[in-house]
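Written out below as structure tokens is the structure these notes cover.
Every chain is named by a letter (A, B, C and D) in the order it is written, and numbering of its residues begins at 1.
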Amino acid sequence: MDSIHQALIEIVGEEQVSNRPEELYIYSFDLGTTEPHRPDYAVAPRTTEEIQGIVKLANKEKIPVVPLGGGLSLAGLAVPFKGGIALDLKRMDSIIEVNEEARYAVVECGVSQGQLTTYLERYYPHLTHSEPGAPPQATIAGNVAIHGQGDLAHPYGFNSDMVNGLEVVLPTGEICKFGSCSIGASWFTQHPLPDLGLFLGWSGATGIITKVSLRLFPCKSIRGTGLFVVENEELVPEVMYKLSHTQMAEDIVAFSQAIPPFASGLQHFSINMAADSEKELEFKQEIIWDDTLGEYIRSGAGGFLGFVRGLQRPQVSKTSDWRKGGGFEYVGSIMPVKKYPECYRRGREISERHDIPYTVLGRCIGAAHSMMFSWTYAFNRADPETVKQAREALHETDDLVLELGGTIWKPGLYGQKLAMERLDPNTLKLMKKVKQLLDPNGIMNPGNWEVSQ
Amino acid sequence: MSSIFVMAEHRNQALADISLQTLSKGRQLADQAQTELLAVVIGKDTTTYAEKVAKWADKVIAVKNDRLEEPLAEPYQKILAFLIKERKPKIVLMGHTSLAMDLAPPLSVELECPLATDCTDISLQNGDVIVTRSIHNGKVNAAYSFAPCDTVIITARIGEFPIEEGNRQGQIEEIDFPFEEEFNYKKFEGYVAQEIGGVDITQADVLVSVGRGIKEKENIEMVQKLAEVLGGEVSCSRPVVDYGWLPSDRQVGLSGKTVKPKLYLALAISGSFQHVAGMKSAKMTVAINKDAGAPIFKVADFGIVDDLFKIVPILTRKIAELKDN
Amino acid sequence: MDIIACIKRVCDTSEADAIKIDSSQRDIEKSGLAFKINDWDEYALEAALQLKEKLGGTITAVTVGPQEWNDILRRALAMGADTGIRIDHDVASEDPYIVALILKTVIQRLPHDLVLFGAQSEDFGSGQLGAMVAEMLGIPHATLVVSLEAEENKIHISRELEAGTLESYTIELPALLTIHTGINQPRYISLGGIKKAMEKELQVMSPNDLGLSVDMLIPMVKLKRLELPPKGKEAELITGQPEATAGQLAKTLKEAGIF
Amino acid sequence: MTLADYKYADTIHRCFRCGYCKFPVNWMDVNNCPAYARFRMETYSCGGRLWLTRAWLSGEIDWSDHLAEILYSCTACKNCEVKCPLRFNVDILNMIIAAKSEMVEAGRIPSSVKKFLENIQRQGNPYGHPRVKRGEWMEGTGIEPYQGHDFLYYVGCVGSYDTRAQEVARALGKVMQKAGVSFGVLGNDENCDGNEVNKLGEETLFEMLAEENVAQFKKLGIQKVVTLSPHSYNAMKNDYPMFNGDFNVMHYIQLLDGLLGDDRLDISGGYNATVTYHDPCFLGRWNNEYEAPRNVLKAIPGIQLIEMERNRDSTLCCGGGGGNFYIDLLGGSERSPARIRVREAHATGAGILAVACPNCLTMFEDAVKAEGLEEELAVRDVSEIVAEACGIK
């Protein structure tokens, strides 16, 4: 047993570190099309101090550390490209505190979306959080680390905008705190201390988030989803614009997909609404369906497909099984809302060229300030040709995003390269300096945001 | 009745205890049969052994040869076959050791004389040699007699025959034994000590096993010392693993390992149905438990009804003392 | 590599607390007991199978016993042996010398690079058979083997001595080894495997077929009678103060040759 | 053995490893897959197990002891099947059991599983105890061997041989006697029901056990069977029909529910305790029996029934399924499922953890000791509670 393995056992205990082929196999994949890369060890720590010990060891031995929560980023961000230690953070799953008055929750990095949603429903039914469409095993910390968005993106923006504070283990092993908690106050606000926001959007290349304080939001007792459809994609921007103007909706998502066939080519809207009374709900329904969308319904350009009470938990994994393939990957982007029609048309064209049923989705962020637009490509895990087709479609879509004037959300290595090629040279140099400053030995999730020259 | 041979075995500079036991038994049989006891010692330098065995033997045949430093079955078989053919003893007695398992069966085939192994008793009944063996996992005793023959070969079970003080002055006869064979069809390549770490308790001869009564992880240290002084390993019952005081590869019982050690020393183990299933075929079991009614006492050969925290330290000290002298 | 594995059928007495001796006083009551391949022999079979998987060749399982012993040959075939041979002779409590004579005669007729035995049997535990057969065949042997590494015409082995030490040898083939427990992990024999093995032919022969007449098979060691060990399994309690009881226990252990 | 001739070659790749299967149906925790709750490494999750099976069968990784342990740490508790949102969820356990069969036929399985199956091949019970001692549990109870009775009372291996579970077998027998139920037992002639053998992938051995049991039952003219264990209940209700064994099978709790319904049982003696009930997987998730146990417990005066967060189809398996009550690949840590569950039961403030399965019983008895909660939490089978309420000592 080599010294590193022995040292890791001393830090986390024998059962939580493995270099056996089975663990190395599973931790070399994410769920998408990224080529697998074997780590040297899979380690599941339980405390921040254990992570600190591991990171210090990694610096001493110059081996990479690749942190992962649910490992569901579907962009290869948790694939250990240069081997080293795959750090599975899911054991750190304590919900440390829910503060009702200041509406925030402090959670460890292993706390999953499903866990927080259930916890709030059970113990704080008047509070909720912006739950992303990812499977419930995705973690809170992982989601904010990639600037994720959830079903409150329209009223409150990116999930990473809802961060009140962080505890982070730096690539050199120090434990730092950011936000009001860093001066001993409670975890109630991120600002206004000098801004050291160096850990979000870096795909874990600048440190390991171990605790997050996340803003929670009022949760009204009645919640439901209205469904609206238009035929002409050109109408989508204006509909989203108008809907966001009403400030009556929680989540506004436009989507279109080839399956089921009768829905192909149509643009659907799912509009989440919340109210504390039937009166309030009716009032909101009226403003949305009559005053705002009425003109489209009356002119036949659009159709009301009903209103369903209760929020259904995300079932996005179902897309992986459409063609009994067991897999999909998507390119996410942050685009101006007015680009929806082109994104839809060009995306559909890429899908058809790669013989993949198209699936696109645009979620309104803020007051239609932007939208998260995603192109999903399903593949059959047992058929390498479909995986290759999906991978090509994904890369073409990465190019498309930049061509249409958007930015790639949670880019894989390919998308990062495209972004860095266009990045302002001084900013790029600054990024390199920051990375070197924080990670002199280059052990923290190497390969990601690596500035070449 | 013609004479009795006892082959004395030695390894890394020490006469094996079992040889003292077989010499004692041989002496008693020789006296009963009013015949000579000849001790056979084979080696490169046999002087020290010859003097020691002389205390039990009428005669000592010390076979010396430079190539006999290690006790190997092939040369030993040659020498014993020669001596037996020459001196025609009635009984050839040796310990049932690893060497004997390689040596005795081929020897009996070469001389076409009967062989009885791992015997728990040897007796003479009006001129006939009768042996007893323990069979079916120690649950049945079998008595055997021999067809008429010149010589009978017997290997004795270790620990069955008490060591009696020897008071003879056997005459030592040294013979050289030149032999040409190189036995290169079977080349001896030295000894290997078992690697430590990653212990396989099923291979241990001695197991000091600890149960829930040990109360804390720190107390296992005390049990470890006792195991070391006995040359054995620490094992445990299931609750100790549940508490994480010992890894699961130390666990004896239905869901742990099944062990067949020579000694199973059960400390503060109640002897639950699942645990006993894993250790019931131990050759000797000793139980130390505060509870006189503990089922382990129905399985153990010996027992002390007392608190292990009182007994174990003293036991460790006593064993160390006995080993020193 | 042509391997012969000699196996024995034993009854499983480890579970039965009360063993009774039958009226003949020469055997135990076997009704209600289950039968199986002798533990040591299963390790020998597994060793043979692993050698075959590495170096190719054939495995022949051989046993000396009455008709009911076909079941262990089936299990050997189910485990992966190629052929099963039974010499129809009721071994009962015979002198191992006789069984060795029979086995030597049948093995001589078979191609054999390596002959494997279990180190001893669970019922009689004499540990004589393998080494006797080796002497009769005139091939080198080693007993209590706990590791083996075979090459084209020789085999490196280590065998178990007392006090946890091992000694190692290189032995030229053909050779005979008796295998000790713990050398490997015998594979599970599935019922499906046994069913498939049912279709395979077993070769059965009698001692006469081997030219061994009854008068050549007279035991030199003869069983007189069986008896149960003295009654009552209640631990012999050592009483008194810790100093005395611990001292007494230490002495008892010394006498038992524990250290 | 390649992927090609694996029965589920066209399904096994469809697992997306999205992790739904780790959650209970009611989401009330994170780790409801007992093996994942125990080891907390992705390899031990249901998705990990399926991916590793596919990797092994397609030759990407070799067989190893560790791989066998990962496969056999699955207790067949069915949480994954009821939770997975994808259409192939009905085949998840079939895929894992088919992979176990591949290992069984190759003979390469964990040594504890090997011992378990060999003992059943030889003695008809996983402990390897002699068949002639299988009926010892009923000495002195006056329970009769089956001769044309209304019911066969099928006890099973754990109830017949495990000292603690024997007490439950006796308690249930006395309760049925008191209610005037006409029943008989097979005693030493009773053989393993094969449910665990089936879930361990020894198909042929299970077929033999099922065929022999069906033949034995038919020879004796048995029509109705009441089982002590949900494991026996599951095999006889769902699998024996394939061997044309179509008996009217019920788990004893359904019988008691019926008896209380037609008040053939005087439980006025009552049972003063706060009780929390653990849904055994083979009664609940496998056979959707959630209400009968609760009806019985609620009918007993003095019982205050409290539900654990994870109940009914969200129950956390005790870790004893898939033969693990004996093989015990999930033991040895405070994260063993039985210990997690015992802590959860204790947290409800209940003094009694009621079970309806001898496997759960033995797992929780050990877990209560390991947690040092002997004084605060007792494990009782529902039949023992009913017996006390009926004044049976």
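The rule we apply is simple: contacts are C-beta pairs under 8 Å (C-beta built on N, C-alpha and C of every residue); 3 or more make two chains touch, one makes a residue touch a chain.
Source: prediction; values computed, not measured.
Asker: B-D or C-D: which has the larger count of contacting C-beta pairs?
Answerer: C-D
Asker: I'd like the most central chain, judged by C-alpha centroids against the all-protein C-alpha centroid.
Answerer: Per-chain C-alpha centroids ranked by distance to the global centroid put D first.
Asker: Between subunit B and subunit D, what's the gap in Å when you average each chain's C-alpha atoms?
Answerer: So the centre of subunit B lies 46 Å away from the centre of subunit D.
Asker: Determine the centre-to-centre distance between subunit A and subunit C, using the mean Cα coordinates as centres, and give it in whole Å.
Answerer: Between these chains, centre-to-centre, one finds 64 Å.
Asker: With chain centres taken as the means of their Cα atoms, state the distance from subunit A to subunit D in Å.
Answerer: Centres of subunit A and subunit D (C-alpha means) sit 40 Å apart.
Asker: Provide the list of subunit C residues touching at least two other chains, using ranges where the numbers run on.
Answerer: Touching at least two other chains: 14, 16.
Asker: Touching at least two other chains at once: which residues of subunit B meet that condition?
Answerer: none
Asker: Taking all chains into account, which pairs touch?
Answerer: All touching pairs, sorted by chain label, are A-D, B-C, B-D, C-D.
Asker: In the complex of these two chains, what residues of subunit D are touching subunit B?
Answerer: 112, 127-128, 162-163, 326-328, 331-334, 336, 339, 366-367, 369-370
Asker: Which residues, counting only subunit B, touch subunit C once they are in their complex?
Answerer: Subunit B residues touching subunit C: 11, 16-18, 21, 97-99, 101-102, 104-106, 108-110, 113-118, 130, 133-147, 149, 158-159, 162-163, 184-194, 200, 202-206, 229-231, 262-263, 280-281, 284, 286-287, 297-306, 310-311, 314-315, 317-319, 321-323.
Asker: Along subunit B, where are the residues that touch subunit D in the complex?
Answerer: Subunit B reaches subunit D through residues 212, 238-239, 241-244, 248, 251, 254-255, 273, 277.
Asker: For a test of understanding, state which residues of subunit A touch subunit D in their complex under the given definition.
Answerer: Listed in rising order, the residues of subunit A that touch subunit D are 15-16, 18, 20-23, 25-27, 29, 31, 42, 44, 70-72, 88, 90-91, 93, 112, 114-115, 117-118, 122, 135-137, 313, 315, 317-318, 320-321, 324-328, 380-382.
Asker: Under the definition above, what is the set of subunit C residues touching subunit B in their complex?
Answerer: My answer: residues 13-14, 16, 19, 21, 28, 93, 95-97, 100, 119, 122-132, 134-136, 140-144, 156, 158-172, 175, 178, 181-182, 218-229, 233-239, 242-243, 245-247, 249-259.
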